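Order of writing sets the chain letters: A, B and C. Residues in each chain are counted from 1.
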Amino acid sequence: MPHLRMTGRGLWITALIVPPLAFVALFIVYPIISAFAYAFFDWQGLRRGDFVGLENFHTVLFVEPYRSWTINAFKNNVIVFFALMVLQNGLGFILAYALWRGLPGARFHRIAVFLPVVLSTIIVAYLFKLFLHPLFGVVNISLRGIGMGWLAQPWLGQGNTAIWSLIVAQAWHMVGFPTLVFLAGMQRIPGEILDAVRMETESEWVKITGIVWPLVAPSATIVFTLLFVGAFNWFELPYIMAGLDGSPFGSTDVLGLYFYRTAFGNVSSGQQDFGLGSALAVLIFLFVAVIASVITVRLRAREIQL
Amino acid sequence: MSAASTTYYDRRGLLGALGRDGLLQIILIANTIIMLAPIVIMIFSAFKTTPQIFQSPFGIPDFTQVGNFVKIWTQTNFLRYLLNSFIVTGASMTLILTLGTMAAYAIGRYQFTGSGFILMFFLAGLTLPLKLAIIPLFMLMRDLSILNNQLSLIFVYTAMGLPTTVFIMTGFIRTLPNELEDAARMDGASEARIMWSIMLPLVRPAMVIAGIQNVVPIWNDFFFPLVFIQNDDLKTLPQGLTTFMGEYTTDWGVLFSGLTLSAAPIIIIYIVLSRQFIAGMTSGAVK
Amino acid sequence: MNNRLIRIGTALAAVLIAAPALAQDLTFWSWRQEDRAAYEQFIDTFEAANPGITVKFETFEAANYNTILATALAGGTGPDLMMVRAYGGLENVASAGYLEPLTTETVPALAEFSAASLAAESGRADGTLYAVPFASQTQLVIYNRALFDANGIAEPQTWEELVAASQKLKDAGVIPFANGTATAWQNETVTFGLGSSLMGKDFYDELMAGTTDFTDARFTGALAAVAEVAAQYFPDGFIGLDYPSAQQLFSSGMAGMFIGGSYELATFKTQNPDIELGVFAAPGKTAEDAKLVGLYFDGGYAANAAGANKEASLKFLNYLASKEFGQAFADTLSNISTVPGVTFDNPLLAEVNELNQSSIPYLMLAHFRYGEPSGSVLIQGEMQKLFSGQTTPEAIGTTLTEGLAAWYEPFKK
């Protein structure tokens, strides 16, 4: 590679590198650093007031009603994360394994499983909202149609069914993603290794747990991390399906909704508070960053052990 | 792609695999039905009247009945939203690919002090959830006087798209051979000329991957318009869809055809280019 | 002769040059996107009477209007004139000093406005009036006249009659109430649209005086009665039914009644031009109990304190406070204008106006949206819990009182 010698070339490189750097600096790095700074001030509407130290953090974590709201939203995020871990990533692994066999029609199945992934979350959310309508939705109409009307529910109106409806919609939307990441991982497993295993055992289970799983572990690490970050930033789907308040009674409230509501206000409270909103953003950010690094480091370490 | 595994299982004998593969086949078919049914119902319903939807949600409609689409075409701002989405996505993609290629070329093709640091700087942007910085971004857009202006979206999307693009393109550009470049340099071609006419034609495959990885989230984004754009004439498709769904709540036929129309562009492109889509969208997670 | 011509010419030229300088362009912001045509008409009337002043009407999405307005005002790019919300929604715009205080000297017509409407547009901290109130809204019961007639039902005078009427509709295969509570704010509407008379004026007065709180049996009893009616006579699965679907059930004639605001009347007429509507205030326990509707004020028109054309802005505000405007407003937009002396051609509006004479304020909006948690957010969530059997009216009373104690002085112990 040519070394940097002439000032002319130096200028040329500068011209190439500065505009993209400026974009990232101005629209990513600067806002994120500011978000940390904002959290330490008292805000009156859009005007920055006095420096208040950690008071905003204290308020959202320990002062009612914020304390219960924070805990409730966090709890729901945790549920969503673990549920999607099973529904989305677990199912994704099984589907990837099935696709990997190259059975007849695998190409078609692969295209189908990824189709919802390219759709906008807004479309998916509205679609499921219409399907789950208590009176006219296709779900309840079908249940009544096959004589199982007793199973028909106001899905989005009950605390316990609402959050699970959202989780299922999300899993439907995104299951194709882990599926194809796992599939790509499986396809990189060398044929010789599989042949060698075949000599030793006929058990499918041993083959999966002993060979396939360890070898797709790098894919798993990435898929888990992305799901974790995604689950704790969840916003669009609950926003459309449950509304900004996490209806009913906060049973679908997640940190994303709560943060947005606190920062920009909602119709029923009219209060907006950038200070508290920023404090929440910083807390979510730190939590996600710390846990995501832990996941990555731990899983990476395990990859090597296996 | 799956040639190796197919041969492996072929050798294993059909009968032995039948039971287990039968189960896997059933799982695949069931899953495909679950994946496609909502989309099929959506498209079918788009051609029905509201009472038809309530009475026979699964019935095959009369596809010549396009009243719902006509209504959307003539009575709503739908075309405007579609056009806005094209403008915003198009402008963002142009900026992302231009700036991304510039940065990747500089980092991948030249050695200079700080290049490692600059790459790290870009990569840091990969992992940061920008949604959480929405308050400072909102204030920034206000200070730049581009709130309620599509430039705010284009700038944010560009910044968000650059890290992955630089990441993918730098890796690719580093693998390109030096010979052509060196020969051109001997001939006295300028650096700009070398980049433009010799190297750029070679990086197109990476640009496609980087492009697809970014175009889908940008086209589908809802969060940033929600905060930045208020004027109905400036709304992008996902955001406009919420306005539209609010206005036509009573007419389910129109609702479903609105959803169908919004989904149609990306579904069609996806079906045509499914291989590139899958490769592009999973490229960040597959190494 | 020549000389004179030149002089006339010069004078003419001077006028022509001066005219644009005299012309004052005002901007006027609103969240009422659906009322654009009407407002442009009002503005034409004003401009015709006030040559040299032009008003440009701009609308923004209702849900984010306050944020947009506050942003613009803080950044110095706010409009000359604007619609502002009432009560707590006015507070954060007004308290920052962005709005021009109004007095009966600058806008004389305000002297005749009702005290309640002026209070809605005054800052809570300083009691200063900041806007000309434009409309009141009433929470009551809207019913389908044809369905009531077909089933021989009259407007109920007691709670028992209301229940009996509902049962009659149900037996006839009609959904008694169309309401659904999946959309959070509908819970508040249902609670106070149906329960205000059960709570009663005495409860309201004592609550305001600080001698009682939400654990009062009159309040919790009303909640219990509302929940009972909902369980029996709202649509199947109403807790999963969103607001637009509920409107649809009513306007399509599938349901007999809808608990909602007077703003629904125009919507229902648009959705189904043939529907015949009636309104009544939900009754109290007995026929002697006062029938109360929940009344509140929507918002007002305000001027920018930092505006460049304040004089012209005030002129426009005076027009918006005039009886001429109030009448046009009521006639075109089918809303209850707050301007005193306005008459209503539309018999339904006239009836709503009549019902307004016996009212209590729409409680949470008028008094409990000044802090976090707001009374509205609390009652909405708690009613959703009650409707799905996860709490009791008494527990709601405690939760409300304790929750609001975070910022509402009289509840602090």
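Everything below uses one rule, namely that a residue touches a chain if its C-beta (ideal position, glycine included) is under 8 Å from a C-beta of that chain, and two chains touch if they have at least 3 such contacts.
Please read all numbers here as calculations on a predicted model, not as lab measurements.
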A-B against A-C, pair bridged by the larger set of C-beta contacts: A-B
Chain occupying the most central position, where position means C-alpha average: A
Inter-chain centre distance, subunit B versus subunit C - centres from mean C-alpha coordinates, in Å: 42
Centre-of-Cα separation between subunit B and subunit A, whole angstrom: 17
Chain centre separation (subunit A, subunit C; CA means) in Å: 39
Shared interface positions of subunit B, touching two or more other chains: 142
Interface hub residues of subunit A, defined as touching at least two other chains: 46, 136, 264
Residue numbers of subunit C (touch at least two other chains): 64, 71, 75, 245
Contact set on subunit A toward subunit C in their complex: 44-47, 64-66, 129, 132-136, 140, 152-159, 243, 245, 247-250, 264-273
Subunit B to subunit C touching residues, read off their complex: 138, 142-143, 145, 147-148, 230-232, 243, 246, 249-250
Complex contact set, residues of subunit A against subunit B: 1-4, 8-10, 12-13, 16-17, 19-21, 23-24, 26-32, 34-35, 38, 46, 91, 94-95, 97-106, 108-123, 126-128, 130-131, 136, 138, 141-142, 172, 176-177, 180-181, 184-187, 191, 194-195, 198, 204, 218-219, 222-223, 226, 229, 233, 235-236, 240, 256, 259-260, 263-264, 274, 277-278, 281-282, 284-285, 288-289, 292
Subunit A-touching residues of subunit B, taken from the complex the two chains share: 1-9, 12, 20-21, 24-25, 27-29, 31-32, 34-36, 38-39, 41-42, 53-54, 57-58, 95, 99-100, 102-103, 105-107, 109-113, 118, 121-122, 124-125, 127-137, 139-140, 142, 155-156, 158-160, 162-163, 166, 178, 185, 191-192, 216, 219-220, 222-223, 227, 237-239, 241-242, 245, 252, 255-256, 259, 262-263, 266-267, 270-271, 274, 277-278, 281-282, 285-287
Residue numbers on subunit C that touch subunit A, as the complex places them: 63-64, 66-67, 70-71, 74-75, 85, 88-89, 91-93, 95-96, 180-185, 188, 235-242, 245, 249, 369, 371-374, 376-377, 380-382, 384-385, 388, 390, 403, 406
